[in-house]
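Two complexes, one shared chain (chain A), two partners (chain B, chain C).
Now for the complex of A and B:
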């Protein structure tokens, strides 16, 4: 199966899901699970060739002149992510079928779900930054739809909007950064980006900043971490899939992808390391303050995302390899824990850690899954999480700068993580059985299969890491192509400093675990939501709405003349600005060749215009308008436009007649506006007139383009068989314009007739 | 003074007078202002391509192309269309205001802000 086919199959599954739900009912999920399962298989068979050094690529032209290609590339990193997306996707699709059983909008859920899955696949497989950006935004959009799936609850809608605004706002920054990179080096193919040219470019700090904002918002890095706990309003399968295993890793993935191109500069290292480090400590700390299982897991996810970013920032080959291993370990255990949390919620009706207890007898399989996953989370031998954690510590110890600080921060993040793992493993399952909203029971196979498979996989890979060694080595080679291949993963690293730190974090975690209730109270009493970055988001949103209301009050007055004045001032002002800055030749008011009769007509028109504007008599102003009109006809006549002169005379005569007919039905003039208002309008009008006069003079004396009328003059007789060129243009070359003109007249005539008729009927009715 | 300068002054005066009348609250002034603005725009396009005294873009009987230096036919065609359309617009506006005046009973545009009768 080609990668393009894989994407199309995924999007196709999304498209047919709603219709399928109507026919297949409760079998929908089972049937649709086959799609990600098949895709997973198609990616599994790509692993062996990749490990042998063959990277599959596909390239389809999309909009080549915009440097946009659909180039797909299954290198180690992309393949690792694709396997996670499709593998966990299959388990979650199966799980969701039971979790949302009987939900009337299950079909719509699968539409969003598979739309997300395929976008995410496109994101990780894209080798073109613009294509990646498009998929990136698609994942934000589908995430929005999934968080707000329960759209009748306003907290869901607010959380969905918050996630959307934060991630899409970051997406806009990313787009600008990507475009800057493209115009700096002339290519957007990730595998061809020249790192040196980018890093020495004068705009490099801006590109880096914009790309980092995109990656940090997507991966919920401090201070943008607040949207991720909010996203827990989504159904639990969505939280497990999007907001722990896949989408939130997109930012980390992008950073990893761009490491060869943008990385290894002091700016990159300090920005990425500090933000990642702050995120992991803040996330771990906040996780201790929660009672809701999903919120605990969400904050722990923030912590892990911070760790991954932190490792990318350290940038050594060792740290990058640790990042890949830790990413895989986290996806497996966090997916399992989220799904298990959903199963507990489903079975008992609550997710409150304080209320839960003694579930091990009623839910043995879920208990087993959670124990295994929590062991991996805490980094106990022999889970995969242990190997990941050892590598993270090794990476921190070997940090190129301030290894003590790096190690300390890691320890500070991992101690609460161990305590959280212990809380999750012990509290709900052991101790006395408690009163719960529902009697607990083990869910159907679809609901325990997912967590169990994922957590057992975490154990198996911990015992036999050689199974994924080749793939993971290829994945870290994407980020550090020049580095020697990392040593093979082993279940046991021997007695070294990293092991000592592991033991220290376990001991510290145990201590925190026993002090957990006091800590939780103290952290939640800080009321971080009152002054944290989430509050900043609320203030910004409220401020924007206030500004919009203020602007509406200012601009939308409902008075025609205010709109008119505003438009004229804006257009006239911009025109004047363009004239002042752009005109190459200023008009010369040199002595002229003016004939006396031409001057006389001009003076007459000006006088008539002034009279029309000043007079208090309706008849006088209509007459003055007529004088202007016939003056225009004379100008046409003087300067070689007899057809125009003729038309203008007829039309002007008709206009005056219409006005005179209507005049006595229309109100007399009254002085309605005040003197200052009139003076202001005189000022605006005179300024506008001056701008237009100057525009004309500058235009005439600065011909920007050669006239295109030569074609019509040459082809009028040979092509149009007419000797009056204006006529030929109207009825032949530009006949469609004339048709439009006739249509306008016809519509106006219909409108006039309808208005007059309506007036008569109303009149008789009264 | 050159030809273009004269016409620029005329056009400027027409724009200023037309705009001033459109900014008034009286409905009739609004329509007359609209008419003046239409004249100004037609003249602007006509003058913008350059003026030629007295030589219409016509092809003599014996030739297939007009003599060099005739007036620009394209601007004339555009202006011709514009004259007719602005006439249609003007007549429609006059009738609309006539009806609106019947319904509202005030010469003041500010009295026409509501959609209710």
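Now for the complex of A and C:
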């Protein structure tokens, strides 16, 4: 299956999901699970050739002039992410079918879900930065729809909007950064970006800053981390999939992808390392202050995302390899923990850690899954998490600058993480059975299969890391192409400093675990939501609305005549300014070759215009305007444009009808404006007319730009198969413009119809 | 407006105007006319009919709801642009067919005509929507 086919199949599944739900009912999820499963298989097949050194690429022209190609590239990093997206996607799709069983909008859920999955696949496979950006924004949009899936709840909608504004705002920064990169080096293909040319470019700091804002918002890095806990308003399968395993890794993924092009400069190293380090410490610390299972997991995810960013910032081959291994370990255990948290919520009716207890007998399989996953999270031998953690410590110890600080920060983040893992594993399952909203019971297979498969996989890969060794080595080679291949992963690294640190974090974690209740109280008493960055978001949003109200009051008077005057003054003023500063040749007025009948029509039009402005009868002013219009049609006819003359006269006739119909609804004629106001309006009109006339004369007499009508006259018959040049221009040469115009016309007509209908219903027709 | 003379004239004029609008549409590629003008003339035929009877009668005479008219027009214009995409040319490149048609001699048919038909329908629908919205208020 080509990668393009894979993407199309994914989007196709999204498109048919709502219809399928209508037919297949409760089997929808099971049927649709086959799609990600098949895609997963198609990516598994690609692993062996890749490890042998064959990188699959596909390239389709999209908009080549914008440097936009749909270039797909399954290198190590892309393939690792694609396997996670489709593999976890299949398990979550199956899980969601039971989690949302009987939900009336399950079809819609799968539409958004597969829309997200395919966009995420596109994101990781894209080798073109613009294409990547498009998929990036699609993931933000589908994430918005999924967070707000429970759309009748205000909190869901607010959380969805917050996630959207933060990630899409960052996306805009990313787009500008990407465009700057493209215009600096002339290509947007990730695999061909010349690192040296970019890093020595004078705009490099700006490009870097903008791209980093994009990556940091998407991956919930401090100080943008606040949207991720908010996103927990989504159904749990969504949290497990988007907000821990896949989408939030997009920012980290982008940083990894751009490491060869933008990385290894002092600016990159300090910015990425500091932000990542701050995020991992803040996230771990905040996780201790939560009671809700999902919020604990969300903050722990923030911590891990910070760690991944931090490792990319360190930038050594060792740290980059640790990043890849830790990413895989995290995706497996965090996906399992989230799904298990959802199963507990589903079975007991609560996610409050303090209320839960003694579930091990009622939910043995979920218990097993959580124990295994938590072991990986805490970094116990022999889980994959242990290998990941050892590598992270080794990377921090070998940091090129300030290894002591780097190691200390890592330790500071991992100690709370161990404590959190212990809380998750012990509190809900052991101890006395408690009173719960529902009697606990093990869910159907679809609900325990996912967590169990993921957590067992974490254990198996910890015991036999050679299974993924080749793929992971290829993945880190994407970031550090020049480095020698990393040593093969081993389940046991022997006695070394990293092991010592591991033991230290376990011991520290145990200590924190026993002090957990006091700590939680203290952290929640800090009331971080009062002064944290989340508050900044609220203030910014409120400020924006205040500004909108202010400028609306300033500009929107609600009087048509003011709008008209504003437009006329703005257009006329700007045109006059351009004419005065730019026009090099001033037109000469030649009246000699005017025929008497042409002059007569001109005089008639002027007289009619004056009448229209002066008369006190509406009917007379409409008729006078009609005279002006038909006069224009005559002018067209005199100067050899019969087509325009025809159109103009029909338009004029219909305009008169429309005016007459409108007249019925107008109140009696009244003088509303004072004499000075009318004199000012006369001045504005005369000035506007003068500006337009001058513009026309300058344009016609300008020798610098030859008129384009020659081209159309020559090509009309051979190219457009028509002798009516105007029509050929409209329907062939400039057909796209016409298509746009008729679309606007149709929308305007619908708007007019709706406005008048609304006015009629309110009884306040204007 | 109830005027016997006006009603009788409109009755005779309406089919003629419609016929004329189609003529304008078809001849527009070589002579003055085209979809825009044709659509306006067709609209004025129904506007006159509506003035002679009433708006509801004019809507019935049209048979098709106005939004559908505009929608079909837009789709036709869009579809005419997609014909070339099938053969790998850019969107909206014109495609022409030439064939002999008996007494008519050689006839050229191209996607621009389809496009123009779309313009015709949209313009007709838009104009009638404006007039009908005001007239029914």
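One rule holds in what follows: the second predicted complex is superposed on the first by the 567 of 766 C-alpha atoms of A that agree within 3 Å, B and C clash if a C-alpha of one lies under 4 Å from a C-alpha of the other, contacts with A are read in each partner's own complex, and residues count from 1 in each chain.
The rule is simple: a residue touches a chain if its C-beta (ideal position, glycine included) is under 8 Å from a C-beta of that chain, and two chains touch if they have at least 3 such contacts.
Please read these numbers as outputs of a predicted model, since none were measured by experiment.
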**Touched partner set for A:657, first chain B, second chain C, both or neither** = second
**Message:** Residues of chain A touched by chain B versus by chain C: which partner has the larger set?
**Reply:** B
**Prompt:** Regarding the shared-chain residue A:743, is it in contact with chain B (first), chain C (second), both, or neither?
**Reply:** second
**Request:** Pick one for A:721: touches chain B only (first), chain C only (second), both, or neither.
**Result:** second
**Message:** Per the contact definition in the header, classify A:697: touching chain B only (first), chain C only (second), both, or neither.
**Reply:** first
**Asked** When the two structures are overlaid on chain A, which partner does A:634 contact: first (chain B), second (chain C), both, or neither?
**Response** neither
**Prompt:** In the superposed arrangement, does A:665 touch chain B (first), chain C (second), both or neither?
**Reply:** both
**Asked** After superposition on the shared chain, which partner residues are touched by A:295: those of chain B (first), chain C (second), both, or neither?
**Response** neither
**Message:** If we overlay the two complexes on their shared chain A, which of chain B and chain C does A:188 touch? Say first, second, both or neither.
**Reply:** neither
**Request:** Considering only the touch criterion stated at the top, classify A:673 as touching first (chain B), second (chain C), both, or neither.
**Result:** first
**Message:** Can you give me the overlap between the chain B contact set and the chain C contact set on chain A?
**Reply:** 642-643, 647, 651, 654, 658, 662, 665, 723-724, 726, 730, 738, 745, 748-749, 752, 756, 759
**Request:** Can you check the complex and tell me which residues of chain C touch chain A?
**Result:** 28-37, 40-41, 43-44, 47, 51, 66-67, 70-71, 73-74, 77-78, 81, 91-92, 94, 96, 108, 110, 112-113, 115-116, 118-119, 122-123, 125-127, 129-135, 137
**Complete:** Counting only contacts in the complex, chain A reaches chain C at residues 642-643, 645-647, 650-651, 653-654, 657-658, 661-662, 665, 720-724, 726-728, 730-732, 735-736, 738-739, 742-743, 745-746, 748-750, 752-753, 756-757, 759-760, 765
**Touching residues (chain side chain A, partner chain B) in the complex** = 558-561, 564-565, 568, 587, 589-594, 598-599, 602, 605-606, 609-610, 612-613, 618, 621-622, 625, 628-629, 631-632, 635-636, 638-644, 647-648, 651, 654-655, 658-659, 662-663, 665-670, 672-673, 681-682, 684-686, 688-690, 692-694, 696-697, 699-701, 707-709, 712-714, 716-718, 723-726, 729-730, 734, 737-738, 741, 744-745, 748-749, 751-752, 755-756, 758-759, 762
**Asked** How about chain B: which of its residues touch chain A in the complex?
**Response** 1-32, 35-36, 39-40, 42-44, 46-61, 63-66, 70-77, 79-81, 83-85, 87-92, 94-99, 101-102, 106-110, 113
